[in-house]
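Listed after this line are the structures, all set down as structure tokens.
Two complexes come next, and they have one chain in common, chain A, joined by chain B in the first and chain C in the second.
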Partner chain A sequence: MTAVTLSGLTKSYPGATRPAVDRLDLALTSGKIHALLGPSGCGKTSTLKLIAGLLRPTSGDIRFDGTSVLAVPAERRGAVLMFQNHLLFPYMSVGENVGYALKVRHESRAVIASRVDEMLELVKLPGLANRRPRELSGGQQQRVALARALIVRPRVLLLDEPLSNLDADLRDDMRALIRAVQAQLAVTTVFVTHDQQEAVVMADTIALMSGGVLLQTAAPDVFYDSPASVEVARFFGNTNLLPGTCADGRIATPLGTFRAPRSTVTTGPAVLTIRPESIKFSATGQPPGANELGGQVLSHIYAGTHARYRIAAGDFHFDVITDAEAARIYRDGDPVRLRFPPEKIWLLPPHSG
Partner chain B sequence: MSERWKIWAMLAPALLVLIAVFVGGLALGVGRSLNYMPIIGLTAPNLDAYRQILRMPEFLPSLATNLYIAVVSTAVSMVLAIASALLMRRAFRGKRLMTFLFSFNLPIPHVVGAIGILFLFAQSGAIARLAYGVGLISRPMEFPVLVNDPHAIGIILEYVWKEVPFIGVVVLAVLQSLGDDYEAVAQTLGATPWQRFATVVLPLIMPATLSVSVLVLAFTFGEFLVPYLLGQTYPATLPVLAVRLFTDPDLNQRPPAMALSILIALISAVMVVLYMALSRRVVRSD
Partner chain C sequence: MTEPAPPDPMERRSQRLTTLLRGLSLILLAIWLVAPFIPLLIWSFSFHWTFPHLLPEGWSLRSWQDVANPSSQVLPAIRDSLLIALPVTVLSALIAIPAGRALGQHRFPGKRLVEFLILAPNIVPGLTVALGIQIAFLRYGLANTFTGVILVHLVPSMSYAVLVMAGVFANYDPQAEEVSRSLGANRWQTFRHVTLPAIFPGLMVASLFAFLISWDQYIATILIAGGTVKTLSILVVAAAGGGDRALAGALSLVFIAPAVVFLIIASKYLTGVSAARRLGRR
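The block that comes next holds the complex of A and B.
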């Protein structure tokens, strides 16, 4: 069990205009799965390689259990990396692949053989030691790669988008397997992904990055309930933004004043955000009441389990997700009444992204 | 006429010429080596020419020299090619110069290389004169014999100069297509630099390296010009011997010349097959 601390971690590639990783501060508690989430090119892989010791930071520090590991070369750091591509050695059997880390440590054949069997058992591939990697399916190859990474009980397990080459159904199995194995071995794990859904499902905490910079670190639900900025809210699918001015738990907007007790801003300019699934709507009957406003359906998509509406109100558009039943009732062009429940509104400082 | 037939019809003249040259030429050569030439009334093929070749006192020493040159040149070229490809995939000072040298000598013909070696390394050559000039040696004859020498140093030097870039370009392309990730994984799993080279890089580049080096082996075995210019007179390599017989004013030497040529081709083919079988085992057992 190892806690990992990154402080001021910076990596500038030669010739690049701005750092790939920019003054990253991150505390990864021991034994948990931490997702490193962000769009492609935001510096996730670079961060993993820095932790692994494959890259030398331009500045900043990396500590395992409080001790700096910058002077420890990758081969002795105990942070094992697994990539999107399984990268099994094609000229070795499955067993030789899994036992590789013990082989380079000059363990005896007997020890290696028994540990390999143990690991293949753990990833639910018993008895495949003598196969060649190319004889396995994509999902099996990725599980062998996981077994190979874990055979020496690394201090830190680094997973770089390990599921993105797999089909959707295989991906669910592999997620469950990674979670189960991780829980059993309690190895501190960093899980890189660009898919927020995957981060939410897999991780105990999520660190959201953009352009080399850390935007927010928190438990998954926090990203939905109280994102730190407009940019974070957008990344997590909250596209409903309404600018205004707040004071005394209320926000005055071009569409009227809303009660909004939850806020990062106490007074002054702010942006009202509310998740698409938190907006309620109904047929227009009586005039809009408190935290309500009138609108008109622009378009809608029926998605089986739910329906997605786009609704115009004044000069603004709102995305609303309702149960699928609504699609039978409300058609494009229908006038509707929107309700923003006060406890679901979240006020953010304007223009941080 | 369908499209496909049209294409065949258009290709036919060229194909006929090709087949006539290759099959016809080969058949004539084999016939001649068996003393089979119906045009001049020789209709009973025999193995006399082959017997004559195998009884030549020079045959076995020549074969040994040939094998020695081919194996040593190929091995040395392969080792140097791998080393330089490993160097060249990383940025370093002088990388551009090295890349230039690599691509520069690919189109230079062997004869130019051989003459260059002659000018540089002969006892009357530039380096010997330079060494004499600065007083390293007191007479040009003290300069080590590197050309027309019993160890075929000159020949091997020429082949290595020419073949290192040839193999190196292939190895470099393979290294670049593999990327660094295999080594990165091995490193985080605890492999030291030497272990990464021996257990990851080498086995990954071996299949391609062996496939291209077998071409070098076959070429250096069958090449005539370089050993003709840089080799010693006795024992000469087999191709030099074959040309010597072929250009003999005595026309009776033609069948043994053909027989020797065909023997060279056969030995070369056997060597290639053995090499491929061996290299497949090397690649698999690693």
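The block that comes next holds the complex of A and C.
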């Protein structure tokens, strides 16, 4: 059980115009799964390698349980890496791969053999110690790599896009396995992914990064309900953005004034955002009520369990998702009335770019 | 684990054709490589062999007895050749691993220049290079020493070895090393257990080149240490110029023996280079 603290962590590569990791402050609580999420080139893999000790930070500090580990070389840091490809050492058997960390610590053969069997049991691959890595399927190789990483009970487990090379169903299996093994050993886990869905499904907390900078750290649901910025909202697929000016729990927009008690900003320019699932249709006919606006269906997709609409209202477009219980299916061109429930509206600071 | 599907007849036929062609080309290659040595072999056993005759008029083991005779200096020459070629091989490999890695893995300013400078001694005629080096070595007391000859052989040997290793490392992914470090292996353990097995076939090929280039050196050896160091190649050239064709033939065969032995040992790695590449990145 190790808590990892990054403070002011910066990594600049020579010749690069901006740092790969820029003054990152992050507290990774002990025994949990943390996702570093972001598009490629956002500095997440660099952050992983900095924690592992494979890169030396330009400035800033990394502490395990409050003690700086900057002076500790990679091989003694107890932060084990697992990559998406080149999972296993191809010249070694499965057993030699799993026992590698013990071998380089000069453990006896008997100890290594029994621990290897134990670990293969844990990842549900008993009896495969004598196979060669190439004889295993991708999913099996992944399990062996996990066993190899965990055999010395690392302080921190670092996974770089661990599932991106797997098929969809294998991926679900591996997610479940990683979660189960992680919970059993309670090892602090950090994984890097560009897949927002994967981060949401697997992680206890997500750190969203972009351009070397941390945008927001929170539990997965917070990213949907209370994103910290327009950029975060966009990354999580929320394109319902309406600029305006807010005051006294209300926001005045080109499409009217909305009651919005939940907000990061209290006065001045702001952007209204609301999740597609939170927007409701209400009956047309009567004049628009509070938090309502009129619009027209641009396009729609009926997907059985839900329907997804694109609605035009003034100069703005809104995405709306209704579940299968919705009263009716609208067709393209239908006039509609949208209602933004006040408790579902979230006001953001206007974005700079 | 799935069983491979049974090959369909078309595929089996094309496989058989491939096998046949491969066998044929191997035989042609063997003839191409071995044929030049047949006259040498015949010369070495000849007693008397003049122009219009297809085969010698008389046979003799004399030249082989001469070669085996201590007065022929063959054994000390082999010893001198090995005393030079083996250190050259080891040093070339030791230089080629880090240098090849730097050239194959990293981009840095002046890389092209470095690559060119490594190749340069092989572009300029060897005689010129050796002459220049000889003057310097005379000044520093390296002329007529084994050290001097080893250093001068190192120039062409190392440059080939570095280029081979640069190719190996260009297709090498260091991620496995990072995993190894994070699992608790220090730099040496990581090199020993992860890097070395990955580059081993390429390293064998590089070493083979280095050895053979040193073994072959003649002019450089003569110029730097002609008086004291008598390598096998010097002996062979002397015999070839001396008019005793039988002896020259026998000596030549002795001279190529290690090359053949090394080639056989390394042949599996020569084809293995592509396997190492396949492991490489991207």
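The rule is short, and it goes like this: the second predicted complex is superposed on the first by the 343 of 353 C-alpha atoms of A that agree within 3 Å, B and C clash if a C-alpha of one lies under 4 Å from a C-alpha of the other, contacts with A are read in each partner's own complex, and residues count from 1 in each chain.
Just so it is clear, a contact is a pair of C-beta atoms (placed from the backbone, for glycine too) under 8 Å apart; a residue touches a chain by one contact, two chains touch by 3 or more.
Small disclaimer: the values here were computed from a predicted structure and weren't measured.
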Room on chain A for both chain B and chain C (clash or fit): clash
Chain B versus chain C as contact partner of A:F191, first or second or both or neither: neither
Touching partner for A:F89 - first (chain B), second (chain C), both, neither: both
Contacts of A:A79 with chain B and chain C, given as first, second, both or neither: both
First, second, both or neither for A:R105, with chain B first and chain C second: both
Which superposed partner A:R148 touches (first chain B, second chain C, both, neither): both
Touched partner set for A:F64, first chain B, second chain C, both or neither: neither
Which superposed partner A:L54 touches (first chain B, second chain C, both, neither): both
Overlap of chain C and chain B interfaces on chain A (superposed complexes): 49, 52-54, 74-77, 79-83, 85, 89-91, 100-101, 103-105, 148-149, 152, 158
Complex interface listing, chain C residues touching chain A: 1, 173, 175-176, 178-186, 189, 193-194, 197-198, 279
Sites on chain A touched by chain C in the complex: 49, 52-54, 73-83, 85-86, 89-92, 100-101, 103-105, 135, 148-149, 152, 158
Touching residues (chain side chain B, partner chain A) in the complex: 181-182, 184-192, 195, 199-200, 203-204, 283-284, 286
Chain B partner contacts - residues on chain A that touch it in the complex: 49, 52-54, 74-77, 79-83, 85, 87, 89-91, 100-101, 103-105, 148-149, 152, 154, 158
